[in-house]
Amino acid sequence: MSFYGIVDGTESSLKHFLAQLPGVDQVGADARAAMLATRSIKTTSKRWAIDTAISMVDLTTLEGADTAGKVRALCSKAVRPDPTDQTVPSVGAICVYNDMVAIARTHLDAIGGKHVPVAAVSTAFPSGRASMAVKIQDTQDAIDAGAAEIDMVIDRGAFLSGEYGLVFDEIVKIREVCGDRAHLKVIFETGELVTYDNVRKASYLAMLAGADFIKTSTGKVAPAATPPVVLVMLEAVRDFYQMTQRRIGVKPAGGIRNTKDAIKQLVLVNETAGPEWLTPEYFRIGASALLNDLLMQRMKMDDGYYASPNYVTID
Amino acid sequence: MASSKKSSTNKSAPRLEVKKTYKLFINGAFPRSESGRVYEVSASKGAFIANPCLASRKDLRDAVVAARAAQSGWAKATAYNRGQILYRIAEMLEGRADQFASEIALASGVTPKKAHDEVLAAIDRWVWYAGWSDKLSAAFGATNPVSGPYYNFTIPEPQGVIAVAPAENFLALIDAIAPAIVSGNTVVALVPGSAAIAAMSFAEVLATSDLPAGVINILTGSHDELAPWAASHMDIDGFDISGIDKKKRTELKVAGAENLKRIHNFDGAISPSRIYAFMEAKTVWHPIGV
Amino acid sequence: MTFEYAPAPESRAIVDIKAKYGHFIDGKFLPGKKHFATINPATEEILSQISLGGASDVDKAVAAAQKAYTKTWSKLSGKERGKYLYRIARILQERAREFAVLETLDNGKPIRETRDIDIPLVAAHFFYHAGWADKLDYAGLGKSPQPHGVAGQIIPWNFPLLMLAWKVAPALATGNTVVLKPAENTSLTALLFAEVCQQAELPDGVVNIVTGDGSTGAAIVNHPGIHKIAFTGSTEVGKKIARAIAGTNKKATLELGGKGANIVFDDAPLEETVEGIVNGIFFNQGHVCCAGSRLILQEGIADELIEKLKVRMAKIRVGDPLDKNTDLGAINSREQLSKIQELTSAGDAEGAERWSPACNLSAKGFWFAPTIFTGVTQAHRIAREEIFGPVLSILTFRTPQEAIEKANNTPFGLSAGVWSEKGSRILWATQQLRAGVVWANTFNKFDPASPFGGYKESGWGREGGKHGLAAYLKEGK
């Protein structure tokens, strides 16, 4: 297998590559993210950003208490976020556990949501602590049930103990299972990796191993998708494109609760990786409560007065 | 608080005051003592003023937990931020100066003029300490000319959780708390006797200020009862015993030796060494080489 | 899919600019004579008329400052002096937005910078120095160090209100009174500051503001009633002042020009370094004495870093300073624009290679695109002379020693930058660099607690921190 001609699949080749990446100055990265957060996005650009953000939301439910009913309600919301306004775009995807995939896919197809993909979390999400066989089966089940996207978690224990080869091999294997039936997102759980240097290393490791998307977090651990973390990942995909002509997507997940947060993410994309990434094909936002805030802000822009949660639906 | 003023002269009965209930101040909230005990504070002429809580060792235990939890965040705030928070507290005290003065006059029996002077002195003292937050490195830090290719610097850092047992007056309370917290320590204050009255208004100011919960905790009650528990507490790093009866200080120092607590009493001199007494000096070496 | 940012203008409604200003002397606004127009450099619109202060205005001001010193200010305890400064700090915080908008209109710098950097630092300077007023025994100058009396202060146009804060706060904290002349191009925030002094009930005559040009400044410098001079401006004028006071008892601090070297080693944290280079030379349109105007780049990473720099520069938003998304505002004046054009033409003529991203510059106002020159050597004018604009000269080095030699090879000595992930290397470089401020893995960071000032022809003395107090005090016993 060729890994873009950059590493040869051995751990030593990988370690060598990762070691020569420049370090990230934490204070400098924080400062750059903070400066970009001061961008003032108003009027037409705000309206565009809201609709774009809606189309990028991976509407998510990942609870032990999930039921068929809950998932179906989520699907309805995903296809028609505002039943009173047909101009609101559908979201980017539905994200569920693999035993809910079939229910989601069936219901989406039944309500005019064929264009909304189902993403499944996989590989013993969220902890990633299980045998490889289990992780492969987890992935296979989801794809067989209709998942077009797989969000896998990396083995953080292995990463933090320097076993980069192991982390790499797992991603390669899951990528094989996905084949051409599903795209693969690789979740780092950046809150557990802690340093930006680790986030940069994980980004390159995952991209070289075959990720289609790199994703910040499971949403179960804080801190999750902080702006500096997303900044570092956007730098990585930008530079990776320079190296390989392959565009990899980025998905922040967790902690993006309102329109302001979402717009800050879009500004980060715009001024780091570039406008080519400003499409659901290359940028997604993992969220649940965010959608209603986007809808309320959209209402306020159209109506001219502040909205109320009474006027958006719960899922 | 009983009023020392009568209502305006009219034939109907004077308006009844809504009197304050006195609680402890722990972690930004106002709980009663878990022991349920109170003690009576009367005016110098004997009239009843209030029943402040008589804090127990368990209240002390809870206050230390709160102070410890708040300490790392307080220490991580920038010196400028701490200074601003403390200065704003002075602004609020200034606005309430009359209230404090009347409470002090009532509870301690000094003249209104003396009480007012004490309040203004306390506010000015607080402002003086607030201005030290971003000057401590200038006073107590250094870069050291070691013999070798090393960059060597000393920075003063806060010790952690400091207990203070001031004398029974408002100025002493301010003088004990301010130097402890300006550098990033958090405080558990043991306030004795009638000083509880003004201390409670002070707690109200703190609760409505930008001071994070747990940075200052106020326990009203008995030094005799609480000071030994503070002295022996293994999670208290320093203890200002300036208000403790001289005869009782030795036993506190003996108890404090168990965790080498930094125990100090100050003789009333106003100096930044009162701040430094509850700081540690950290010296760092780093090679200089290409 | 492009993400265009719609205009996001900060409203001008918050400022109330008078048609004409005089001087602020002895606590009162006095009418002036001989007015000249002050403009908004982004639009060339006339904002107001400023008075050209003459010898008699300076006389009045110095007399007022002297009287205030003798009768009031020197009689106050440090504690009370500090309280006035705390009040001033708090009022500046309250009126922060108003000052930010006014500074942007008068100077041409982006509202994002005045709002997020200039004005907060102004308030912080007063707050910091307020706390020193009653602690001077601990300033390392002996017991009871004494003020000089009346300080004459002359400030530049690049950070108008911040430079005022750097001068006035320590002067007042240490017990001096002040006669201050703001730059002729940018007097409005100083005049508004006079209102703050009134709101704070500062005693009359403690702060006096006389507007005018170089002649007004000279009148202040030469006035026998001025005991101490504080000047920030060009090295050329700094030398004039040094000559003028030679043989007198006047003390002076001078904060002059620079040609800061920003050294990037091959183990630098690349992305943040690019950010730091951009911040170092394009912040405040490069109108910064301590700007990182010479990039000294390790040869091995030069190509890669310059590529990244170009990509980053293309994202710099040049335009209306009042738009909240603007990164690079207007050049402060026609004169300054000519200077920048002259020197950059010299750069072309001497064979350096110029590059700027494509920019849509307005026809009205004074504008210059962010620019880099590669292939620069020490002998080029653009490597030696201060351009004071958004122009970066890029040189390379092979060994650390060579980087230091190039960095130090200048009559200036104000600032330097070092970028490396290796601590010992950073400390080695900071030890070798002949500069008063050295930034490692960052640039253009300021704090009232951090002393600022230059070696060699970048000036005398320091401002800020404990060190900054020394200039305003005579050592105690």
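Read from first to last, the chains carry the letters A, B and C; within each, the first residue is number 1.
Here, a residue touches a chain if its C-beta (ideal position, glycine included) is under 8 Å from a C-beta of that chain, and two chains touch if they have at least 3 such contacts.
What you are looking at is a predicted structure, and each value in this text was computed from that prediction instead of being measured.
Engineer: Average the CA atoms of each chain to get its centre, and name the chain whose centre is farthest from that of subunit A.
Structural biologist: Computed centres place B farthest from subunit A.
Engineer: Taking the mean of all protein CA atoms as the centre, name the chain whose own CA mean is closest to it.
Structural biologist: Chain nearest the overall C-alpha centroid, as shown: C.
Engineer: Measuring from the mean C-alpha position of subunit A to the mean C-alpha position of subunit C, what distance in angstrom results?
Structural biologist: Here the centre of subunit C sits 44 Å away from the centre of subunit A.
Engineer: CA centre of subunit B versus CA centre of subunit C: separation in Å?
Structural biologist: 41
Engineer: Taking each chain's centre as the mean position of its Cα atoms, how many Å separate subunit A from subunit B?
Structural biologist: 49
Engineer: Which residues, counting only subunit C, touch subunit A once they are in their complex?
Structural biologist: It comes out as residues 1-8, 112, 116, 267-273, 275-276, 315, 324-325, 421, 441-442.
Engineer: Per the contact definition, I'd like the list of subunit B residues that touch subunit C in the complex.
Structural biologist: So the residues of subunit B touching subunit C come out as 79-80, 83-84, 87, 91, 124, 127-128, 130-135, 137-139, 151, 272, 286-290.
Engineer: Show which residues of subunit C lie in contact with subunit B when the two form their complex.
Structural biologist: Residues of subunit C touching subunit B: 79, 82-83, 86, 90, 124, 127-128, 130-135, 138-140, 400-401, 423-425, 427-429, 431, 448-449, 465-466.
Engineer: Touching subunit C in the complex: which residues of subunit A?
Structural biologist: Subunit A reaches subunit C through residues 22-25, 27-29, 31-32, 38-46, 48-49, 52, 232, 235, 266-267, 270-271, 275-276, 278-279.
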